[in-house]
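In the two complexes that follow, chain A is the common piece, with chain B as its partner first and chain C second.
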Partner chain A sequence: MRTFDHIDVYSIAEACTTLREYQGRARLNAGGSDLLTVLKGDFLADYPEAVINLKTISGMDYIREDGEYLRIGTLTRLTDLVSSPLLKEKYPVLSEAAYTVATPQIRNVATLGGNLCQDTRCWYYRYPRSIGGPVQCLRKGSGPCLAIKGDNRYHAIMGGKKCFAVCPSDMAVALAALDGKVIIVGPEGERRVEVTDFYHPTGNELAKDEVVREIEIPIKRTPTQQSFRKFTLRKPIDFAIVSSATVITVAQGICTDARIVLGAVAPAPVRAKAAEELLIGKPITEETDTAAAEKALVGAKPLSKNEYKIQIAKTLVKQAILGVTD
Partner chain B sequence: MRKHQINLTVNSQVYQLEVGTGQGRVNPSDTLSFTLRETLGLTGTKLSCDGGACGGCTVLMDGEAVLSCMLLTIECDGKIITTIEGLKDAKTGELDPLQQSFIDHTAFQCGYCTPGMIMSAKALLNENPAPTEAEVKKALSGNFCRCISHYQVVRAVMDATGKGR
Partner chain C sequence: MADKDLKTKWNLTPGGWNLEGVPAYQDEKRFTQVGRSVPRVDGPVKVKGEAVYTGDMILPGMVYGKIKRSTYAHAIIKKIDYSKALELPGVLAVITGEEAPNKWGIVPQAANETVLAIGKVRFYGEGVAAVAAVDEETAEAALELIEVEYEPLPVLLDPFESMARAGEVLIHEDSPKNILHEGEQVYGDIDKAFAECEYVLEREFHTNYPQHGFLEPQTALASYDPQSGQMHLWASTQIPHYLHRQLSIVLEIPMNKIRVTLPAIGGGFGGKGEASIAEFVASLLSRKIGRPVSVTFERNEVFFTNKGRHPCHMKVKMGLDKEGYIKAIDFDNTLDKGAYSGWGMVVLFYTASMLHLPYEVPNVRFRGRSVYTNKPSTGAMRGLGGVQPRWALECIMDELAEVMGISPYELKMKNAIESSHTCINNMFVPHSEYKKCLETAVEKSGFLEKHGKLPFGKGIGIAGGYYISGTAYTLYQNYKPHTSVMIRVDTEAGVTLMCAAADIGQGCNTVMAQMVAEELGVHYEDVHVQSGDTEIGAFDLGSFASRLTYASGAAIKMACVEINQKIKETAAGMLGVRADQLVLKNREVYSMYETKKRIPWEKVVEAYTSINGSLVGLGNFSPPRRKGIDIVTGNRVQGANIGHSPTFGFSAQVHEVEVDVETGRIYVKKVTEAGDCGTPVNPMSVDGQVEGSIMFNLGACLYEDQKLDANGKHLNPNFHDYKTPTTMEMPEMDTNIVESYDHTAPFGVKETGEGAVQPTFPAITNAIYDAIGVRFYNLPITPEMVLKALKEKKAVEASSK
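What follows is the complex of A and B.
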């Protein structure tokens, strides 16, 4: 790894001002499990002058309910999301999703904020300098997207605009199913963004001097049935080929509210709203479930090598919905 | 704030390391695996993928299994690190029962993944001295072996818990 200045910060505000001082030439480091792979690969044009350590900020790792919201601090480790009794009991979709991320050693350092802000895994984008990279592409601001004509087996089947890389974060999918919002701090104060709006076709919502502080989730008044499913080739370590998170409310056998979210199919987690609407007002049966899974994939436009993802996505949605009824 | 010096406790020995370039110092971009192997000469920790994907470089940090290739040493200030060299009894030199069990079960072929396997297993046993086989497999799910030693590894760990099969 090429060297950089290293700065410990003690508050989110200090992180913002330090980012501003470096005018885009500094990167935040939380658990480092994504940032270090980016720096080692050295595939970006702007190798940072400074790395800003967020772990010296105290009190940013918490999971607590305060009346209307469940709040999770940005530095909360995935290990703590997996083992939290509160999440296991009331938000199992979060602990299940966290458990599917990477490996035990990575979950011991990886943070929720870092998981949401991690860089894309597109293999053209990440082609390392040491073996002939970096490769230029649209997301890097120069040239076309190489995945369109190239090997796009893990790329988007919907929602791609110019860049066809998928959102790699598993936590974003689960959070979207809980209507989670990302609380972002910048020089002008705080703002809240829906998890589904946090991702842009070629990056994310954060300006150069903004920092994620917290994830906010509205507490549901009625119990919900939640499930997270992830298809990978190897069980541990692998990123999702497709994932699905569902949060469903059933009263007297009838679905009264539903969130069905697809992951790794688009640049952001995708709410399958047509499928949600189809389920609401109906009992959850094999038939309605199959119909919802079909609806969820209407409009998918696979690239040359990833049509197989559609069938996997339908199956995951089906399993996720049925899984929550048994 | 910029650090000028860090304290690292490795295998019960405290190291005060200056931040900077040159022999014996910690560069801000040094990973913990680099510092352990190249600066402190503790080559028991192995480096394979250098990308978080194999578990070969696993060490304990404050008792938990972490990847030393994915940590900046400068951010480990004040941490307590245990490497494979730190498992034996410091006074008698006797191996940890887990290490002995790996030997008894020949739970390796080339041996390159072994220190990482043992450190992940050690983290599990510290927290849960009597794990089930499923729990052992979960705890070792981030450790990859090219030589297919996994079957013997699981047996060695189970045996070290007295629950061998």
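What follows is the complex of A and C.
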């Protein structure tokens, strides 16, 4: 690993100023579980001059309800999301999603903000420098996406526009199903972005001097059925091949509201709105469930080697809606 | 095996009499130290993180070496300019291939690798230059300053393409067909046999490109003393001797000026069964600058240099007579060698040899070729040469049993060999409990009650396998013993075993201590083992081919003869009895007839050494050379010497799987294994080896595959994308050691480290068929393949309705 300056900051504002000072040549670090592998692989076009340590900012790890919103601080560790009694009771989709991330060791350091902002796992993008990397690709600003003609078994089956890397974050999928918003702080103040809009085809919404401060989730007045499903090749450790989060409101046997979100199928979490519409106003049965799962994948366009993800995605949506457990 | 079984079977009364009243000396199987489930000697330090690996070592003045790697899979090197790298402050030396042009390779007849590429690169990631610098960061920065100019050549990644385009592109100029070696072995009359068969089946099987996944990357620390010309290399290797020999060739230093020492080793599984470029580079740089140089591979370098299992493309034809006896096997194998020869020739002919067991096969034809491609070289990997043909044969037998309408268990039992079996290729098996393995696995798992009767999605499969034990031939022509040991006994150090065996984590230091203790009549805890050093220890070929327990055991027995004789003579005088009537057991020397005449063993040692000094015994072992020569005519027989072995270990496995038909994911739920490892020297270690073996190939069967892009770039050179199963994938395991004792083997031992990997692929594949009615002929069997196959099956069923 090459050398860099390591700067402790003590407030979000200070983080923004420092980012601005470095004009894009600094990277933020919270848990470091992703950043360290990025630095070791040295696959980015520019190696950062500085790493800004956010862990020295106090009071940024919290999970609390304030009447209208559930608020989670950006530095909240995934471990704390897993064990929070509040989340377990009222937002189980979040604690379930957090539990599927990596291993206990990684969850003990990884943060919610970091999970949302982690870099893609595309194996072309991450091809290490030490052996002929960094690979040039569309995501890095030059050349075509190498997955189109290459080995794309883990790449996008929908929503890919020139870059076919998928969003690796599990938390984003669960948050999208809860209508979560990302609160971003920059030198000019704060702004709110829907989780699904946080991701761009080749990166995310953050400007070079912005930091994620908090996640804001509207509190639902009626009880909901929530579930998170993730398909991986191995039980722990792996990133999702496909994931699915659902939050469904049922009144007198009829679905009155639904959020169905697919993960790892596109550059961002995908709201399956057609499937949601299909379910609303109907009872949840095997039949409507299957129809919704089919609907959720309408328009999927697999690449040469990832058609299998469609079938798996349908299965996960079905299981998530019915709350089927493994 | 449970502890209580051992207690009733092997424990002795204080007088040395067993529970049935038979004196211990009348029963060669009556052991006190062999057969004990003792904790591993290296266990505690490893668990506490205190074991010292090569990468933990720091010597005064030590600097770091790094390797510049090729960014083409096949290219002419036009120019290497490292002048800028040399100017970088902190850089001490740069070397290129020309500095060490002598070719190395574990099989000397085919050695064709140089330390760093000369003139041409043959795989993506091949070393082209190396740097020594004061720290790793400087060395890495220096690599970037080395400019290499290439002229790309066509890249051949598929062995069939490689053969087809040999007229146009050659990977090695001296291999005109892009073939390392091809061979044919014919025994019996195959065409006549097939014509007489009632059941004949022909299938094609394709295996994958997995890698060992040992945790400690290749690491070497070399320290050259310019005054004495002595090189000392600490290395993470399985083969201190072959490394020693090849260092001598490459460095052009006599072997007696090179010392190889093994610190703790973090696994090998065959991957460290060849010298590593890290070792050569560290040595060359150290000699150049006169300071110790440490080279540790990054994980991606471990993948780039590979040496994993050969992908095999196998055409198999098997014929049975009306009763189900195997009459003939026709086997055609194309192996993907990758860029350099390495173990290639040996692996090629092992896949031939493996056809002859564990079933009786009267007619066999093997045709095979090992083909060069522009991939990181393949090499030795646990179960070398056996895993691929075993998979094909056990799967085709499963299919044949179905055609015949009998249980695969019945078919296997019918054909399984027994003790004192001579194969058609002259391979001799002195002892086999293979049938007992099959019986035990079937009985314990309830196979017969479940097979073909489980609900859709659940399945059970059976397969068997075997492996060599003790090996037979050195890789270079030589008659010297394969293992020599020295045992020293005195009052200061107690009992010390000095040898050059390599404990790479398999536990040989523990079992060797047990065997020394058994033979000398002391306790395991009394024995010190000095191993893994070419200067302190005696000679040993290394840890591969499941040879150590057998070979070391035989050498230890021999070394103890001399020591025991002196102990007995001394004690005889002290006790006033005949020396030849003395027994050495449990730290005592006593008369087998007058059991009251006894004296502590230590007292005898004291008496002897106070007059004569230390007691020393030397022992060695050379395996019998049976297969290569027809002992009746004295002529060499075809098939050379590969696959022949003093004895053989066997294993049978029953795997139970669940297939999620919605997602294609396969779960191995339970494995029932029964193994014939002869006498289990350390039953707890046997269980560990067997469980490890099963997990090893469960990984390669369902998850692991190295992926290269069209340019030969490695796409998954890390443990994120290369999917080794974790403990979470570990099924319930029921491993059983069947009662077995090979009278021709020291202490009755056999191997257990590689036999148990053999049945795993086919047992899982057969279980998947039982679950979903689909047979797979490609590995690894992924969710993607399962979903596709189920879809096709549905379509076929729909159209046939």
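Miscellaneous remarks
Assume the second predicted complex is superposed on the first by the 323 of 326 C-alpha atoms of A that agree within 3 Å, B and C clash if a C-alpha of one lies under 4 Å from a C-alpha of the other, contacts with A are read in each partner's own complex, and residues count from 1 in each chain.
Convention: contacts are C-beta pairs under 8 Å (C-beta built on N, C-alpha and C of every residue); 3 or more make two chains touch, one makes a residue touch a chain.
For clarity, every value in this text was computed on a predicted model and none was experimentally measured.
By the touch criterion defined above, A:39 lies against chain B but remains apart from chain C after alignment on the C-alpha atoms of chain A. When the two complexes are overlaid on their common chain A, residue A:236 makes contact with chain B and with chain C alike.
Applying the stated contact rule after C-alpha superposition, one finds that A:123 touches chain C and leaves chain B untouched. By the touch criterion defined above, A:131 lies against chain C but remains apart from chain B after alignment on the C-alpha atoms of chain A.
In the superposed pair of complexes, A:3 makes contact with chain B and with chain C alike. In the superposition on chain A, A:219 contacts neither chain B nor chain C. Judged by the touch definition given at the top, the superposed model places A:298 against neither chain B nor chain C.
By the touch criterion defined above, A:207 lies against neither chain B nor chain C after alignment on the C-alpha atoms of chain A. Shared interface residues of chain A (contacting chain B in one complex, chain C in the other): 1-3, 235-237. Contact residues of chain C toward chain A in the complex are 69-71, 124-125, 137, 140-141, 143, 298, 300-301, 304, 662-665, 703, 707, 709-710, 713-717, 720-721, 723, 725-726, 728-729, 782-784, 787-788. In the complex of the two chains, the chain A residues touching chain B come out as 1-10, 29, 32-33, 36-37, 39-40, 51, 53, 55, 79, 102-106, 108-109, 235-237.
Taken together, the chain A residues at the contact with chain C in this complex read 1-3, 121, 123-124, 127-128, 130-132, 146, 150-151, 153, 231, 233-239, 241, 305, 308, 311-312, 315-316, 318-319.
The residues of chain B lying in touch with chain A in their complex are 1-3, 19, 21, 27-29, 31, 50-53, 55, 58, 61, 64-67, 69-72, 74-75, 120, 138-139, 141-142.
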